[in-house]
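Order as written gives the chain letters A, B and C; numbering starts at 1 within each chain.
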Amino acid sequence: MSVTHSYPLKAEVKNLNFYYNLVQALKNVHLPIAEKMITALIGPSGCGKTTYLRCFNRMHDLYPGNRYEGEIILYPDRLNIISPKIDPIEVRMRISMVFQKPNPFPKTVFENVAYGLRVRGENRKNFLEEKVEKALIQSALWGEVKDRIYDLAFNLSGGQQQRLCIARALATDPEILLFDEPTSALDPTATSKIEELIMQLKKEVTILIVTHNMQQAARVSDFTAFMYLGEIIEFDKTDKVFTHPSVRLTEEYITGRFG
Amino acid sequence: MPMDNDKNIQEIRKKIALNKLRDHLFWIIGLLSTLIGFVLLFTLIIDLLIDGFPRLGWQFFTSYPSRFPEKAGILSAWVGTTLVMIVTAAAAVPLGIAAGIYLEEYGKKNWLTNLIEINMNNLAGVPSIIYGLLALGLFVYYLKFGESILTGGLTLGLLILPMVVIATRESIRAIPNSIREASYALGATKWQTVKDHILPYSFGGILTGMIIGLSRAIGETAPIITIGALTFIAFLPSSPVTSEFPFFSFKWLLDPFTVMPIQMFNWISRPQTAFHINAAAAGIVLLLLTLLMNGFAVYLRYRFRKRIKW
Amino acid sequence: MRKRTYLKLKERGIEFSLLLSALSSIFITLSIVFILLYEALGFFKDVSIWEFLTGKQWTPLFAQPKFGILPLVTGTLLVTGIAVAVALPVGLIVAIYLSEYAPFRIKEVAKPILELLAAVPTVVYGYFALLFLTPILQKFIPNLSGFNALSPGIIMGIMIIPYVSSVSEDSMKAVPMHIREGSYAMGATKFQTAFKVIIPSAFSGIAAAFIIGISRAIGETMVVAIAAGMMPNLTLNPLEPIQTLTAYIVGVSLGDVPHGTVEYKTIFAAGITLFFMTLSLNILGFWFRRKIREVY
C-alpha cells in the first residue's frame, strides 16, 4: 500500500479490529489517510464502513459493550486516538463529524454553529460572531442565512440544515472532518451543493467520507477504499479503483453486480 | 496550525478537565436527588414502625374506636375500607374498561372522541377533594344516598375512573394490528374480536391499572371527609349474608361507615400522644397495603411484559 | 338470515353501550361544573363577588362572618410555592439523571421506587410532616410554630417529585439519539449535552411536567389539613400556621354544617376557585403536551 507514499499523512490506521460485544465488525483494517485529501469509503450496506468511520471520533464509546483493538495514529503528535488512555472527548474536539441525517439542535442558527466553541468554554461574543460567520461562509451557507442567523435552525431546508451541520463541525477548526453518508437524506440539487462544498473544503481540512453512492465517491475523492464484510478489499487512488480495480470483488461491486 | 498544535492540545485538555469535573459533580447531585425520595420513604417507614409497631396486635384489628386510646382499634375502619373498595371496583372497573375499549377500538377520530380524550386527561388532573364536593351534591343530597358506603364507593370509583381508562387504552394499544386482522379474516365481528382477542391479551395491563387505581383509592381521605363520613363508628354495617331467603342483602350499601385513612386522620388530630401511636399503627397498615398492592402491580407488569412479546 | 340480523343488532347494541361508558366521563365533568356553579351561585346571592375576591378576612363561621377568599388563596399559593421550590428542581435533576446518566439497572430499580412515593397515602405524609419533620425543623428554626406552611410544603414537594420527573424523563427520552450524537460528536460532556441540547429539545414536556407538579400541589389536601393548621391567615410567612382552599373544605366538612346554609355553600365557593385554578393549569399543560408531538 504505497499509493500514499508521496503524500504527508494526517492519520494512519494500523491493524484495527472492532467488536460489538462478541461480534467482530472490523477485521485487521489498515489504511493511511493523506493530509488535506479526500478519502472515500465505499461498500455494500452492512460492510462496516460507518462502524469504521465512527472509530475516528470514538462514537462507539457512547454505548456499552464496544471494544477497539489496534491503533489509529493521529499526526503530527502520533497520538493513538483509540487507546483507552485517551479521552474520547479530546478526540472528538479534534475530529468533527457530519451525520447521515441533518441533526441541528433546537437552537438558533448562530447557537448551532457556536455550539462546539461554547462547549470549549468560549463565550466572548465578538470572537463567536467572527467564528460563526467564517464557518457559515466556509460551508457556503452565509449568503442564504445571514439575515436570519437568530432564527431556529429547524426552519431551514434539509440541504441547508446539512450545510449548517457542516458549519457546526468546521467552527472548531477540526483536524479531520468525517462525513457519514452526508447526502443520503437529501435531494439531487442539495446533494450537488454539498459535494461541491466537500471538494472546496479539502483545501483546509483532511476529509474522510462514507458513501453508498459510487458516483459520489468517484466525483469527490482522491483516494477510495472498498470495504466488504469488515475488511478493506482494495485501497488506491480513486481513478485507479474506478477504472482498473485490481481485485475482482471490487470490480463486481463498482459495476453493480452485487451490493 | 501544526506549529501551535501542542499548545492547543494542552489548552483543550485543561478545558476538558474542567468540563469533566462539572459532569462528575452533576452525576453526584443527580444520584443524591434520586436518593431523596428513597430516604424519605425509608425514614417514613422507620418512623411509623418505631411509633406504631408495638400497638399492632389482635386487639387493634378487632376493636372499635374508643375514647381510651389503648382500647381503640380499626375494626370498623378496615371493614369499611373493604366494603367501599368493593363498590369502587364494581363501579370503576367495568365502566373504565368499556370506555377504554370504545376509545381505542370503536371511536373514530372525530370531535366527539377528541372531546372525550381531552376531558379524560382533564379529569385525571382534578383534585380529589373536588370529587368529594361533586359527591356531596350529587350522591348525598340529589340522589339521597346519604353518607353511606354506596356514596363513598361511587365517589372513589369516579376518582379512579380515568386511571382505569388510561391503563386499558395503553394495554390495548400495545396489541399489534395484525392480531385484529387475523381475527377479522376468520369472519369474526368487531365484538367477537374484542371479546376473544383484545380483552384477553390486554388483561395484564388492565389488571395492573386496576390495582394501582384501587391502591390510590384506599389511601384517599379528602373526598371521603367531604361527603361527611363519620369519624367515630362503633358498629359494623349490616351483613351482606342473611339467614333468611335469599340469603344476601344489600342493606349495607346504605349504612354509615368509616375508612382507615379517616380513622388515622382522626387520631392524628387528637392532642393526646397515645392517639398518635394509634395513628402510626393505622399508618403502618395503610402503608403496607398500598406498598403491597403497588409492588404486586409492578411484578404483574414485569411478568406480562416478559410473557408476551409482539 | 335472521341470525345475521340478530348479530348486527347485538353489535350495534354493544357499540352503543360502550359509547355511553365513554360519554360518562363527560357527564362527570358536566356534573362537577354544574354542582360547583349551582352552589357557588347560591353563595354569591348572599355574598358579593367583590367582597369574595378582595376581602382580606375569611371567617365564615363567626357570628359576624367575613368572606374574603384571599387568605385561603395566599395560603394555597404559599404552600404550593414551597412544594414547587423542592419538586421542580429536584424532579428535573432526577429526570436528567435517569434519562442521561443512570445505567439500566439503576433505572429499573429507581423508577418503581419513585412511583411508590406518589402511592403513599397522603394522610401518612401528613402524619410525618406534623409529628416528624416539624419537630426536627423546630430545632433549627426556634420560632416555627407547631402548625406551619413550611413542613407540609417540603413533604408535598418530595411527594410530587415523581410526577415531575416521570413526565420530564419521558420527554427527554423522546429526544432522538442522533441529536444527542450531534452534541457528543462536538466533544460535549453528558452535562453539557443535557443542559444545552436535551433540555431545550424537551422543553414542552418539561413545561408540562412542571405544570402537572404545580397543579398537584394546589389540589393536595391532607398534608396541609393535618400539618399546616386551620388558620385562614393572610401571610406569606412560611413559619406561621395557614389554611389552604382544600384544607378549608376539609375543616368545614368535619363539622356539622346543615345543607343549604351559607356556610355549606362556602365550601363550594372555595371549591370552584380551586377548580378553576387547576383547570387552567391542566389546559396549559395539555397544550404543552400536544406541542411535544409536533417537534419531531
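The rule is simple: contacts are C-beta pairs under 8 Å (C-beta built on N, C-alpha and C of every residue); 3 or more make two chains touch, one makes a residue touch a chain.
Computed from a prediction, not measured in an experiment: that's the story for all the values here.
Participant: Which chain lies the greatest distance away from chain C when centres are computed from Cα atoms alone?
Facilitator: A
Participant: Could you let me know which interface, A-C or A-B, is made of more C-beta pairs in contact?
Facilitator: Most contacts of the two pairs: A-C.
Participant: How far is the middle of chain B from the middle of chain C, if each middle is the mean of its Cα atoms, in Å?
Facilitator: 16
Participant: Approximately how many whole Å separate the CA-defined centres of chain A and chain B?
Facilitator: 53
Participant: If you average the Cα atoms of chain A and of chain C to get two centres, how far apart are those centres in Å?
Facilitator: 49
Participant: Of all residues in chain C, which are in touch with two or more distinct other chains?
Facilitator: 187-189, 192
Participant: Send over the residues of chain A in touch with two or more other chains.
Facilitator: Answer for chain A, listing residues that touch two or more other chains: 89-90, 93, 119-120.
Participant: Can you pull out the residues of chain B that are in contact with at least two other chains?
Facilitator: Counting only residues that touch two or more other chains, chain B contributes 16, 19-20.
Participant: Taking the touch rule as given, give the residues of chain C at its contact with chain A in the complex, in rising order.
Facilitator: 176, 178-179, 181-189, 192, 196-197, 200-201, 203, 295
Participant: Within the complex, which stretch of chain B touches chain C?
Facilitator: Touching chain C from chain B are residues 16, 19-20, 22-23, 26-27, 29-31, 33-34, 36-38, 40-41, 43-44, 47-48, 51, 94-96, 98-99, 101-103, 106-107, 113, 115-116, 118-123, 125-134, 136-138, 141, 158, 161-162, 165, 189-191, 212, 215-216, 218-222, 225-228, 231, 261, 264-265, 268-269, 276, 279-280, 283, 286-287, 290-291, 294, 298.
Participant: Using the touch definition up top, name the residues of chain A that touch chain B in the complex.
Facilitator: 76-77, 87, 89-90, 93-94, 119-121, 173, 175
Participant: For the complex, give me every residue of chain B touching chain A.
Facilitator: Spelled out, the residues of chain B in touch with chain A are 1-2, 5-6, 9, 12-13, 15-16, 18-20.
Participant: Once bound in the complex, which stretches of chain A touch chain C?
Facilitator: These residues of chain A touch chain C: 57, 59, 62, 89-90, 92-93, 96-97, 99, 101, 103-107, 115-116, 118-120, 165, 168-169, 172.
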